[in-house]
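These are the structures in question, set out in turn.
Heads up, the next two complexes both have chain A, just with different partners, chain B and then chain C.
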Partner chain A sequence: MALRRRTLPSGFTLPSIHSLHPFFTHQTVPTTLAVQTEHWTRLILSYARHARLFTLGVEDADLKTGPWADILYNPEIARSVKPAHLESLIATLVAQGKAYYDPPKQTRTVLLLWRTLDEWAEVLFTWASDTGQLNTILTFYEIQEPELKSELSGIPTPLLRRAIQALIKSSRAQLIDGTEGGGVRIFASTR
Partner chain B sequence: MHRRAGIAGLERKNLSREAYSALQTKLSQQQLDAMQTQVDHFRTALQRFARSHRADILRSPTLRGAFVQMCTSIGVDPLQGAGPSRNKLAELTGLGLGEWQAELGVQVCDVCIGTRDRNGGLIEMPELVRILCRMRGLGEDGEGGVNEDDVVRAIRSLKPLGAGYEVVTVGDTRFVRSVPRELDVDQTALLGLAKRNGGVLDEDSVVQTLGWTNERARAGLENMLLRDGMCWVDEQDPRGLVYYVPSVMVWEDD
Partner chain C sequence: MQRFLTSLGLRQPGPTITQQDRAILDLKHQRDRVKQYQKKIQVVLDREQEIAKQCLRAGQKDRALVALRRRKYQESILAKTDSQLENLEQLVSTIEFSLVQVAVMEGLKQGNDVLKEIHKELNIDNVEKLLDETREAQAYQREVDEALMSQMTADEEEAVQQELEELVRLTQPDVQVPTLPEAPIEEPVAQPGEIEPVEAERQPERTRVALPA
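Up next is the complex of A and B:
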């Protein structure tokens, strides 16, 4: 049996291990499981980055369609990731700091951090600076749905808030309470 | 010789025996010397050859194999610095084969460890050679490539380090095992079957093909899975549990 890489119509290339039937079964042997989990978490994050997916939930498992079906389901070998398996993968992502539970106090849905919060903070700062919007008040909506598509298009509000918190920590932003969800003012770098 | 009685006869007999034995010693000494000279000549020739064709030897696997074999047959170790100083040829030729082999040994370790996660520490020889050739950016077995014999020699030279690398033969395929663990008879049979089935094993096929009882097949498969970590299990097959042995599967590089 030959295991091949497969390129999806979207241009994303699945690794050859994705065509290994047992890749979709939660392995029991610790060493094997560690390898499998490592491959899965890497695949989830790189696919999320490619497809700009921010959330992953246990509900995404075992579906033949949906945003995650391309990687959680392999129609060529009729195998799919089962919910319990996905939940444990999600737990690993959280433990590695590559995701966090959102909303908190549950373990079924996460926000994925294929960029760290500090990286998102930098992206936000660079974007504001490049578009000449430093020192002005920006609403969340203006950041999330800019007229010109940006790296930040579609970023979920909780993630954006955390990125802003990171900027505030380095004294480069200020949150402004407002009527419509609030806004943020980003200062020119003091460094 | 006509035998005569008396003291004189006995003395003569002793005398001739001494003469014969002296002659014998002289003759064998001469033979030994001649042999020594021949070996010396051969060594010199080998040295000259090694010196003038150093690059070729390091580049071509076939020539290297023949050369090493020749060295071994006259009792010289072509590995420079690998042994005590009686290793004259190697010192003189400065062939650097030892260094070359040590380097290959390190690469073998690299590949074995790097692929251990997917094959459980058992890699097929052709696959190993293929990866090594690619690592070195060279064609397979051709110009500058390495072949199975080179790998076998490199692994042998790793032995003193106690790395526990070993070449095992299953059916007609050689494997390199990088985890210190013996393959028992059942494991070997299962591995052979997996190899023929493209890496896929399940209890029924083992029972049918190898004529084992279900218990033995199940135990063997579970050992392979749980004890040796050599295979992955698929629970989504309608046939029941199916075991996959990645080390006998063909992987496209990612």
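Up next is the complex of A and C:
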């Protein structure tokens, strides 16, 4: 059986290991498992970045047509990741700080951090600065659904909040509470 | 102090949040809500059209008509919300522009204060006094120069020059001239043999003879 890279219609290239049967089986030998997990976590994060996917849940393993089907399911060899395996992969991602459980106190769905929170904070600051919206009061909706698509389009609210917290830490943002909901003001550092 | 409180998460960095800021935020939220509502209506519009198509395919012409009527109604709502959205956005930009104007006013006022402050130090008496002092100082300097110049007599000047020459001689080491051959004293006399080749060149009709090198 020839292992080869496969390019998806969306332009994402799957690594050759993706067409290997054992890749979809939860390995038991610790060293093999470590390598397999390493490959999987890298694949998940790079695909998430490519397809701008922010959440990953255990139930994605069962969806043959969901947003994650392209990597969690390989129709050419009729293999898919089992939910229990995906849950352990998710746990690894969380342990590595590449994801965190959201909502908290459960272990089935995570928010993926294919950019670190500090990187997201930078993206947010750069966006506000490039669009001339420093010192302006912004609603979350405005940031998440800008009229012109941006790097931040579709960013989930919890992630956005954390990015704002990172900016607050570096004295570049403040949260404002209105009667209708929260807002944020981003400004050049006053330090 | 503020930074310390910020690090504890007790106080936020940046300008203090005024009641105005909250009002602007609320206004923007209302604008967002209209936008979201428009999105929803757009979805409904698409859905009603799909329903009408399905009804037509199933041969239910009157139901299709109902769906299309509903669609028309939603369309009119969408048009209304458009104008409302425009109003809200106009208000938001007017407020933001007014804030900029306030900032400009503040800037002008501060600049004016600074200018006044500077002018206070620059009062005309001080300037004149300063100029007078400068003039005096310049005159004094000129006197000093003259005094120094006139103290030097001609003899002293010559002594200084001699000292300089002495120094120059000391700092330059004796130049060793290599022994050179004596230069000829008599007029150089042309040797008859040496002129021959020149004549040969001047007379091209004569056959050339190779000379030993």
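In the analysis below, the second predicted complex is superposed on the first by the 188 of 191 C-alpha atoms of A that agree within 3 Å, B and C clash if a C-alpha of one lies under 4 Å from a C-alpha of the other, contacts with A are read in each partner's own complex, and residues count from 1 in each chain.
Note that in this section a contact is a pair of C-beta atoms (placed from the backbone, for glycine too) under 8 Å apart; a residue touches a chain by one contact, two chains touch by 3 or more.
Just so we're clear, the structure is a prediction, and the values are computed from it rather than from any experiment.
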item	value
Partner chain(s) touched by A:R79 [first = chain B, second = chain C, both, neither]	first
Which superposed partner A:S10 touches (first chain B, second chain C, both, neither)	neither
Which superposed partner A:T136 touches (first chain B, second chain C, both, neither)	second
First, second, both or neither for A:T65, with chain B first and chain C second	neither
Partner chain in contact with A:V35 - chain B first, chain C second, else both or neither	first
Which of chain B and chain C A:H21 touches, first, second, both or neither	first
Touching partner for A:G183 - first (chain B), second (chain C), both, neither	second
Interface residues of chain A shared between complexes with chain B and chain C	none
Complex contact set, residues of chain B against chain A	117-118, 120, 198-200, 225-226, 229, 232-237, 242-244, 246, 249-254
Partner chain A, residues of chain C touching it in the complex	3, 6, 12-15, 17, 21-22, 24-26, 28-30, 32-33, 35-36, 96
Residue ranges of chain A in contact with chain B within the complex	1-5, 15-17, 20-25, 27-29, 31-32, 34-36, 38, 78-80
Parts of chain A lying in touch with chain C, wherever the complex brings them together	136-139, 141-142, 145, 168, 171-181, 183, 185, 187, 190-191
